[in-house]
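Heads up, the next two complexes both have subunit A, just with different partners, subunit B and then subunit C.
Moving on, here comes the complex of A and B:
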C-alpha cells in the first residue's frame, strides 16, 4: 500500500472567548472522502501532523447530503458545506475555518441563532392556528407552487450571509436568506394575508434598504436559490408599502 | 401623518439616498456633461449655454434646492452606507462584488473631486459676485488655466470617470432597490444597457476635457443687442 495522505490545516478555538490558533493534520487517504470523513479520522486518531496528542477537532454535521446546512464552514477560504466538499476535487492542504460572521462555539462550530432570531422577527411562517377553525385556504396555482418550491429549499446554512460584504458580525443586517423567506411566505395565498407585518420588519434597520447589491449571496448559495430576484422583489414590495404608508395612512 | 419611528426613518433615509442619486443628482450629471460638451462644437456655443444658466431666475435657489441639498444628503448617507459594510472582494471575487466595492470607492472619489471642482469654479464665482453675462468669461478663464497642466487634466478625467461610473452602476442598483427590475435575465440586460450609458457619458466628459486642454480659447462677455 502506498502511504498517500490528505493534508489539512484547521483553525481551532477552545472556547467562545479564547484566541484561535492553527493546527496541521495528515490523515490516510481514502478514495471518495469528503471533508467530514477527514474530521472523523482526526476524531479517531487525535494527533497533529507532527505527532502531538490533542483534543479532537469539533464540528457540526447532520444530514451529510447538503440539505440541513449544519456542516457549513470556510473551506480553502470560501464558505460551503463540508459534506459535499470532496477531497479529490479540492486543493491541499485543505484549509478549514469556522464561519467568520457568527460567534464561534468551539473549533468549527458556530452559533447561528442570529438567523433564527431574524426569521422570527420577520414572521417567516404562515399563521393558521387560532381559537377557531379558519377554514380552507385559497387554492395555489401550479406555477406559483413551482416558484415557491425553489425558495423553500433554503436550509438556513448561512452561506449567503457569510459571503455578503454588507453582513458583518455586529451590524444587525438581516441578509438574503431572510428576505427570500419573506418572499416565500408573501407568495403563499394564505401568507399573503399577513404580508404587511413581514414587510414592516424588513423595512426597519438592518432590513432590505441596507442591501448593497454585491450579489455574493446568489453566487455562494449551495441550493441555487434566486436570492437576488428575491431581494429585488422585496425591493418592489417594500417600495409599494412605503407609498401606501405615505399616501394611505 | 404619524411621527416616524427610528426604524422607519432609517428606511426612508436610505430610500431618499437611492432616489436623490437619480433625481436630481443623476439628471443634473447627464445635463451637465451634455451641455458642457457644447465646448466641442465651439467656444461661442459653450459660452451661450453658460450665459443661459447664469441668467436663469432664482438661480441660487435652484442650485441650493436641486443640487446642493440633495448632494449633501446623498453624500452623508453615502458615508453611512460605506461604513456599514466590509468589502470582501478578494475572498469572493465575483463581478458584482467588484462593482459593489468600486461603487463605494468611486463615491468617495467623487466627493473629494466635487470639493475641488466646486472650490475652483462655483465658490470663486459667488465670492467675486460674477453673475449674468460676467459669469461665462470668468469661469472659462479658470477652466482654461486648470486644463493647462496634466495634473489638472488627470484630476478631471478621474473625477468624471468616477462620477459616470457611480451614476451608471447606481442606476442599476436603483432599479433593483425599487424593484423596477426583478428577474436575473432582466438584471443582466439592464447591466449591459447601463454600461453603455456609462460609456457614452464618460466619452462626453472626456471629449470636453480634451477640447479644453488642447484648444484653450479665452472669450469676452456676451453683449446685449
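Moving on, here comes the complex of A and C:
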C-alpha cells in the first residue's frame, strides 16, 4: 500500500522577467502539516512528482504563526497566509501561486515594497516630540484603545490589496490597508493633531476617491480588520477636509 | 568642509535594532538598517504577553528595585546586576515612551495603562497590548524609524544579509559585508560602528518557537571572527507551546497570567474528555507544589515540572508528552479581550477552541539567555555611565550587540515579559555610547585603506563561489534537521554528561558531513541555498558552543539542569536562612544546630558551588573548537541566595 501523500501544483518563475511554468509535487503526509511544511519537505527532497531533480521552490515566511504577514500567496486561488493553511483543511492538489498584484521576485516570492512606500507617503506614525522621558502618554479610554488595537493588528500582508478589484499592478491606488492605517493614526489624540497631512495624502491620486466599495478587501483580511468601516470613516473625514479646504481657501 | 554625519550600521529590524536606529537618528546621525526581510516581519512580532515595568499602579508595593530583585533571582544570579538594575529603573520611562508612540496598550477604566501578572513575580507589572504586544511594539518603533527614513536619516536595505564584520589591521570593526538576497551580490559597507541586533539562535534546535530567520548566524560569525560568546548553554525552554510539524507555536505566559491553570488527569492514560474529568481527579501539579506562585512559577521551574510529570510520572495527557492548559473557567468576553490573539492562533493550528476545551501544550525551545559577550561601564556610584562607548560593545572594537544577541540581562533564566524590555532598553541605552565611540576614535573609517574592504569582499565572494560549487550528496536542509534533532534530544531540559559527551561527537560527525553538502539550487538570482549553507555552518559552530558549555558546567543553575549536580535543597528551607548564615559566618564558627537539620550542610554546598560556577562561561574560537573559560559576574548589589518559589 502507498503511504499517504500530499499533492501540490506550484506555479514557478525563476526571475522577475522570465516566464512562469508549473510543476507538480507529492510529499509524504504528516499530521498537523501546513503548506509551509510541504514546501520545507520539497527543500529537503527537491524532486517533482515524476522524479525530476529541480531547484527547490522558494517562498517567503518567517513567524509561521500568522503574525508577520510574510507568507501570503494564492492557495487554491484564494489569497491567504501559507503558514495557517493546514493541509487537512484544503482540497488537493493544493495549487500554489504567487500574489498577482505585486511583481514576482522568484517562485512564490513577491515584492510588496509598494505598500511600505505608501505607508511612508501617508505619514503613518505618531509624530512624538522625542524619546526623552517627558512622562505619561495621553489618557485614553479603553474603548478607544480597543478600536485602535484592532486596526493596529494589520501585518501588511497584502491580502486586502490582492483581493481588491481597484488595485492593479501599475495604478497608484493605495488600497484598504493604507486607508485603515490613516484611520488608526487619526484616532490617536496626538496623531489627530496632524490628521490633515494624512488626509491630504489619501485625497490625492490613488486615494480613497478611487475605491469602488466592492468590499472584497474586508472579506480577505486574516486579521478581521473592519476595512469597510475604515473606508467609510476615511470617506467622511476626507469630505470634511475637502469642505474645510474650500471654505478656508 | 561641513563635518559629515556619523554613520552607524544596524543589523536587524527587530525591537533592539529599531530602538537603536531611532535613538541614533534622533541624536543626529545616520543609520543604515540591514534586514533579512522587509521590516515589520522580524521575530519580535511573535512576542505575545507583554513588557515589564514596575509602576505599582495597583498599590501592591511594587517598585523598580523589586523588579530588579525578581529578575536577578529569576536568572539565578547570573545576570549582570548594575545593568539589570538600570534597565528596571528605566522601564517605566520606556513604557511611557511607547505609549506616547501610540502603542495600543490595554487601559484601565480611567484611561491609564493596565498591567497584568506574569511568571516569577507576585506583582502586576506587565503592560500589554492584547496578546500581540511584540507585534504592536515592533510596529510603533518601525513607524518612528519610517519617519526618520522619510526625513532622510535612515537608509533601509531590506532583503540583505549580514555576513561578517570588516576588520582592519588592528582588528577594529570598520563596516560590514553584506549579501543582497535578490541579486546575490556581495559588497561592503563602511561605517563608524556596527550594531548586531540579530536576535537569537533557536533554529539550532529542530523545533522551537522561533521564526525561520533565527539561526544565530550573525552572532556566530562574530565569534568566528574572534568575539567572545557568553553563556551559550543557557537556553530557555518555554513551558507552554502548541505541538506542530514545522514549528512549536508559543502559547503565551499571559494565558497563565490571566488565570490559566495547568493540570493532568490523576489517572495515567485517562481517556475521558477533559471537561468530563471531575475536579478531584485532576492534578494541578504546579498549584499543589508551589502554593505561593502556582502556575506563575518561573519558566525553568514550570518546564522541569511538566517534564517530570510526563516522563517520570508518566501522567502526560493521553500518554503523550502533553499537559492541559485550561482557560475554560473564564468568560468568553474576558478571554477575547485579554487573550484574543493567542486563542486564535491555537484554534487556527489545532482546530480546537480554548474557550471550549483545555489546550494541550508542551515545553519548547524559546530563547537564548546567552549571546555575544558585551561590555559596560559604571560610574563611581555604581550606576551605568550612559555615555560610555563600552556599553554593549563586543570584544571586537567597534562591533556592538543588543537584544537577544547579547548576554547580560537574563542570567540563567529569563523572566517572562523581560525580553521586550531588554531589547528596547539595550537599543536605546547604547546609542549615546556608540556615537561617542564614533566621534572619538583616533583613526576614522575614511583613513582605512580601501584594500581592507576589497579583501573582505573578495574573501566572501570566493567563499560563496565555493559554496555554490559544493556538489556532495548531503542535502543542507536535511542536515540542518539532523543537527536540530540531535540538540533537541540531548541538550534540552534535563542534561547529563554522558549524553552531552556523545553529542559533542555527534556534532563533529555532522561537521564532517557538512563538507559533503550539495548546493541544491543553481539559480543565479534570489538563490537562498548558498546563504542557508553558510548559516548552517554557523549553526554547527553554535551548537558546539551550547553543547560544550553544557558539558563543562557541572551544576544546576536556572535553565541548565543536571540532576547529578542538584544540591537537593531541603523542602523546608527558607532562602533568608542563607542571608542569616552569611551574617553568622562573620562571627566565627556556626554551631551545627543553629539551623534545622540538613540546612547548614546544604548552605555550605550552595556557597561552595557558587565559588566554582557563579560565573559566565566564555567561548572563544581555538583550533575550530570553542575554548571555554569562566569570568566573574557582578554580584555587588544583591547577595546570591538559593531560589525558592513555594
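By our rule, the second predicted complex is superposed on the first by the 238 of 249 C-alpha atoms of A that agree within 3 Å, B and C clash if a C-alpha of one lies under 4 Å from a C-alpha of the other, contacts with A are read in each partner's own complex, and residues count from 1 in each chain.
Note that in this section a residue touches a chain if its C-beta (ideal position, glycine included) is under 8 Å from a C-beta of that chain, and two chains touch if they have at least 3 such contacts.
A quick note: this is a predicted structure, and the numbers were derived from the prediction, not measured.
> Clash or fit: what happens to subunit B and subunit C when subunit A is overlaid?
On the superposed model, which is not a single observed complex, subunit B and subunit C fit side by side.
> In the superposed arrangement, does A:117 touch subunit B (first), subunit C (second), both or neither?
neither
> Should A:148 be classified as contacting the first partner (subunit B), the second (subunit C), both, or neither?
A:148: touches subunit C, not subunit B.
> Could you say whether A:127 touches subunit B, subunit C, both of them, or neither, answering first, second, both or neither?
second
> Subunit A residues in contact: does subunit B have more, or subunit C?
C
> Regarding the shared-chain residue A:244, is it in contact with subunit B (first), subunit C (second), both, or neither?
It touches nothing on subunit B or subunit C.
> Which angle, as a multiple of 10 degrees, do subunit B and subunit C span at the CA centre of subunit A?
Given the fit on chain A C-alpha atoms, the answer is 160 degrees.
> How far apart, in whole Å, are the nearest Cα atoms of subunit B and subunit C in the superposition?
So the smallest C-alpha to C-alpha spacing between these two chains is 20 Å.
> Going by the contact rule set out above, which residues of subunit B touch subunit A in the complex?
Its residues touching subunit A are 1-2, 6-8, 10-12, 14-15, 18, 81, 84-89, 91-92, 94, 96-97, 99-101, 103-104, 172-173, 176-184, 187.
> In their shared complex, at which residues does subunit A touch subunit C?
For this pair, the touching residues of subunit A are 14-15, 30-34, 36-37, 40, 43-46, 55-56, 58, 60-70, 83-84, 86, 105-106, 109, 112-113, 116, 119-120, 123-128, 130-131, 133-142, 145-146, 148-149, 152-153, 155-156, 185, 188, 190-191.
> Taking the complex as given, what residues does subunit C use to touch subunit A?
Touching subunit A from subunit C are residues 22-23, 26, 37-43, 45-46, 93, 96-97, 99-102, 104-112, 114, 129-130, 132, 135-136, 139-140, 143-144, 146-147, 149-150, 158, 182, 211-213, 243-247, 249-250, 337, 341, 345, 348-351, 428, 475, 477-478, 481, 520-523, 525-529.
> Can you list the residues on subunit A that touch subunit B in the complex?
77-78, 163, 165-166, 168, 171, 173, 203-205, 207, 209-216, 219-220, 226, 228-229, 231-240, 242, 245-246, 249
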